[in-house]
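What follows is chain A paired twice: with chain B in the first complex and chain C in the second.
Moving on, here comes the complex of A and B:
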C-alpha cells in the first residue's frame, strides 16, 4: 500500500480552561492517502477544526499537546518549530481554507498585492513571473477576467468570488495538501455547487490531496473518496464514502447517516437523534459515545475502543460484537 | 392543510431602500396568498429579498408600494395601536438564536416581555405559570427560567426563541432560518417540535431557509424568489418533481443529494447581481440558459400555469 501523505498517530491535545482541562483530542488516529479527497465529519464540537489547525501548528495559547505524532510524508510536524513550519510547510506544502472567506482577506489591499505577498516568500525575484502564476491560479479556480480581478479590493467581490480567491491564494504556491474547514457553510447552494465543481476538477488536474472538514453529509456524498467520522476527539470510523452511506458500522455513523434529509424524508419519518456531544471537561469514560449508545455494555465504560479493520479500507472503533 | 382560507395576502408589495449607489429594490412587486394552516417555504439565494419580504408582511417595515391584507382586512395603513394588536396575531423567529435573546437577562425576563407588553398575564406568579407552561411545551424545564442565554446550548436557546414567538398565541409565525445555526441532530428535534405545535395550535408557518432539502421536508407549498420578485410558486411535491422556472431548475439542481450515486451535473452559474439597477426585463436573463430576445425587454408576468404560478416568458408563448 502507498504510504499516506498525512498520518496522525495517537494524538492527545487539551486546552486549559478556567473550569479545568478540556480534552479536545483524545487518541486520534487519521491517515489521509495521497491524491484523495478525505472527509472529516461529526457534529459541532467534535474537534474537527482543532484537528485541522493542529496539523498546521496553529495553536491557541492555552493548548497542551499531550502526546502523539503528526507525520507529513514521514516527518513529524509536532517536532518542528514554528519557524520551520512557516518556512517549510505552511503555504507551499500544506494550505488551509477557513469557513469565513471575508475575514481571511485583508480589506485594505488589492487582490494582486495579497497574492503577491504569499508568492514572494517562495519565489522572490521577478514580479512578472509571479504575476503569471497568479493569473494561472485565478484561472484554475474559474474566475473570469483575472487581469481585472487582480486590481480589485475584497469588498468589491461577492462571497463566492472571495472564496475562490482564497483557494487561488492557497493554490498559488502549489501545496500538496489542502485542508478545507467548512469552506461552503456560509455560501449559497449555487456558489457551493460551483465551488465543489472547481475543487473536483482541481483535484483531477493538479493531483492535490484535500482534507475536507464538514458537517454536511450531502457535500460528503458529493466529493469525498474516503471519510473519517469523528466523535468527541476520536475517529470512530474510517470508511469509503459509498460504504459510509450504504453500510455504516459504528452506532454514531449510523446516527449521522440516518439524520440526512433525502428526497424521501418527511416530517413524520424524520429521524430525531437523541443526546448531544458531551462536554470535554470530564468527558464520559471509556467510549465517549456510550451515554448516547443503544448498544452500550459494561466494558464500554472502561476503556476506549481502538480502531480495528472490519474490511479492507474500513476501520471501526467499537466493542459491539457484530461489526457490520 | 385544513382549508383554503387565505389568511395573509400581499398585492404588488414593494420595498425600495435608498442608498448611495442608488435605489435598492429589495422587494419588487410581490403577490402572495398565505393559506391558513399551511407551511409556506420561501427559498432563493442570499440577498433576493426573503427577509425583507417577511418583515413587510409582518408590518415591521413600511412598504414603498402595494398592499397587505390580514384576514381580509387591509393592514397597510395600520397605526401604532392597531399594529400592537397585529403583533399578537403574527410573530417572528429570527435567523440567529445566538443574537436574538438578550444576553443580560435571564430566560424568565426574556420570556416575560411579551406577556407584559400585551398584558397577557399579570404579576410575577401568573407570568411564571405561563412561562413554565411554554417551556414545558418546548421540551424545556422550569429550572431553565433562572438561567442566562449563554448557559444554554444552541438548540435550547432556539427553543426559547420559538417559545417567545408563541407567547402571544399567534396565528401566523414567520421563521427566518430558524435552524441554520444548529447541528443536524438538534435541527431534527426543533423541526418535529415545530410541526407538533403547529398541529396543536392550528398555526400557519412562513418558513425561510437556505437549506432546500429542509424546505422540501417541512413545506406544503413553496415560493422561489429572485432579485426581489417571486418567480415560481406551487405545491411542494410538484415543484420538486418538475420545477418550471429556469431559476428554480438551476437552484434545485445545485443542491447536492445525500446519496453516493447522484452527483451534481448542471449547476446554476454566475451570481445574483446587485439589486441596484437590476437587469432589464426578466431579472434572471443574464444567468438563464434559455434566454430569448423578449426576455431582455419585457418583465414576464406571474401567471397560473398547470396549477403553478410562474413568471417566465417560456410559458407565455402559447
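Moving on, here comes the complex of A and C:
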C-alpha cells in the first residue's frame, strides 16, 4: 500500500468559549491516499471545516490543539510555524476552497489581478506568458469568454462562476492536495452537476488529490473514491464509496445510507429524524453516538471505540459484535 | 460611472452651495440692529451711515442685495473690508496660504499617523501597542484644541525652547501648530482604522488568500488595507469641517496669520464683508471635499462603480 499524502493521527482540538471548552475534534484519524478524491461527510457541526482549516494551520484565535499529528508526506504540519506553513505548504503543496464562494474573492480586485498574483508566486514568467496561463486556467474550469472575465470584479460574477474562479485560482498554485469545503452547497442543483464534472475531469488530468468535504450523499456517490464518515469530531467509518452505499457497517453510516433512497440527499435533513448532534461542550462520554444508537451496550459509554479494519480499505470504530 | 448618480450628486452639491451662501449672506442681517450702524460703530454720523447704506445697497430689498452680493462673489469680488479698507479678496488671498499649509500638513500627519497606528493595533490586537493607541487617542480627543495648543506652547516653546512660540517664521514655527491640530485628528482616524482592519481581516477572502500561501505582509498591506480604506475615505471628508474649525482656534493660539485668525479678528471688529467671505469659502471647501469623497469612494470601491 502506498503511503498516504495526508495522515492525521489522534488529533484533538478544542475551542475555548464562554460556556467552556468545546471539544470540536476528538481523536480524529484520517488517511488520504495520493491521487484520490476522498470524501469527508457528516452532519453540520461535526467538525469537517475545522479539520480542513487545521491541516493548513488556519486557526481561529480561540483554538487549542490538544494533541495528535498531521503528517503531510511524512512531515508534521502541527510542528510548523505560521511562516513555514505559508512559505512551504500553503498554495504550493496544499490549497483550500472554502464553504462560502461568494465572499472568498477579494471584492476590490479584478479576477485578472487575483489570478496574476498567484501566478507570479507559483509560475513566474513574462507578462504575456502569465496572461496565456490565466486564459488557460479559466478555460480549464470551463468558464466562457475568459478574456472578458479577467476584467471583471467578483461581484459581477454568479456564484457558480466565482466558485470556478476559486478552483482556477487554487490550481494555479499547483498544489498536490486540494481541500474543497462544500464547494457546491451555495450553488443551484444544475450548476452543481456541471461544477462536479469540471472538478472530476481536472482531477484526472493533473493528478491532484482532493479532500472533498460535503453534506450531500448524492455528491459523494458522484465524485468520491473513498469516504470518511465523521461524527462529533471523530471518524467513525472509513470506506470505499461503493461499500459505503452497499454495505455500510457503522450504525451512523447505516442511518445515513438507509435514508438516502428518496430525493433528499442532504445529510442534515436525513438525520434530523433520529435526534441531533450532541453538544460538544461536555459531550457524551465513550462513543459520542451512543445516545442515538440502537445497538448501544454498556461499554459504549466508557471508552470511545477506535477504528478497526473490517476488510481491506474498510475501517470502523464501533463496539458492535458483528461488524458487517 | 453612472450618469444619473453623477448628476444627482452634482445637483445636490449645487443646492447646498446656494443654501450655504444664503446663510453666509444673512449673517449680517441676523445680527440684531441696523447692519450699517453695527459696522460703522456707535459714533458714526447719520449722514455717513446713509452714504454707507447707499454704497452697500442696504436700502434695497434683501433678495436684491443677495443678488448683487452673489454676482460679485462669482466674479471674485467680495466687497471691501471695513477694517483694513482693502478689497476682501486681496486680504483672503494672502491669508489663505498659511491656513492651507497648516490644515493640509495637519491632515497629512493625522492620516499617516492614524492609519499606521490603527493598522498596527489591529495586527497586534491586545498588545501594549494596541492599548497605547487607544489611550493616546482618548487623551488627544478629550483635551480642547486651545488647551492643547497652550500646553504645547508652554512645554516645547517656553520650557524646552525647541520651537518658536508662535508666529510664522519658517518651518520650525509650523511644527507645534501642526501637531496640536494633527494629533487630535489622528485620534479620529486610528480607532476606525483599527476596527475596519479587524473586520476585514476576519473576512473569508483574507482566509482564502492566506490559504493560497500569500505572504502575511501582502495580505495586510494589499488585500486587507485596500478594503479597510473604503470607509475611511469618507471619514476624512467628515473630519474636514472639524480640522478647519480646529485650525481657527490653533491659529489664534499660535498667532498664525491665516484665515482663522482673520476670521476671529473680523468678527470682533464687525468686519462683515470679510466674515461673510471666509464663511462662504470654508463652507465651499467642506462641500467640495464631501463631493470629492463621494466620487473617490466610487472609484476605490468597484461595487459602487456602476456600469454605464
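Definition applied: the second predicted complex is superposed on the first by the 309 of 324 C-alpha atoms of A that agree within 3 Å, B and C clash if a C-alpha of one lies under 4 Å from a C-alpha of the other, contacts with A are read in each partner's own complex, and residues count from 1 in each chain.
By definition in this document, contacts are C-beta pairs under 8 Å (C-beta built on N, C-alpha and C of every residue); 3 or more make two chains touch, one makes a residue touch a chain.
All figures in this text were calculated on a predicted structure; none of them were measured in a lab.
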item	value
Between chain B and chain C, more extensive residue contact with chain A	B
Which superposed partner A:159 touches (first chain B, second chain C, both, neither)	first
Contacts of A:231 with chain B and chain C, given as first, second, both or neither	neither
Partner chain in contact with A:252 - chain B first, chain C second, else both or neither	neither
Which of chain B and chain C A:107 touches, first, second, both or neither	second
Which of chain B and chain C A:96 touches, first, second, both or neither	second
Partner chain in contact with A:72 - chain B first, chain C second, else both or neither	neither
Partner chain in contact with A:266 - chain B first, chain C second, else both or neither	first
First, second, both or neither for A:212, with chain B first and chain C second	neither
Residues of chain A contacting chain B in one complex and chain C in the other	none
Residue numbers on chain A that touch chain B, as the complex places them	43-44, 158-161, 188-194, 196-197, 215-222, 241-242, 245-246, 255-256, 259-263, 265-267, 270-273, 275-276
Complex contact set, residues of chain B against chain A	45-46, 153-155, 183-186, 188-189, 191-192, 195, 210-214, 216-218, 240, 250-251, 254-260, 262-264, 267-269, 271-272
Residue numbers on chain A that touch chain C, as the complex places them	53, 56, 58, 82-83, 86-87, 89-92, 95-98, 100, 103-110, 117-118, 121-122, 153, 155, 166, 169-170, 173
Chain A partner contacts - residues on chain C that touch it in the complex	203-205, 207-216, 223, 226-227, 230, 300-303
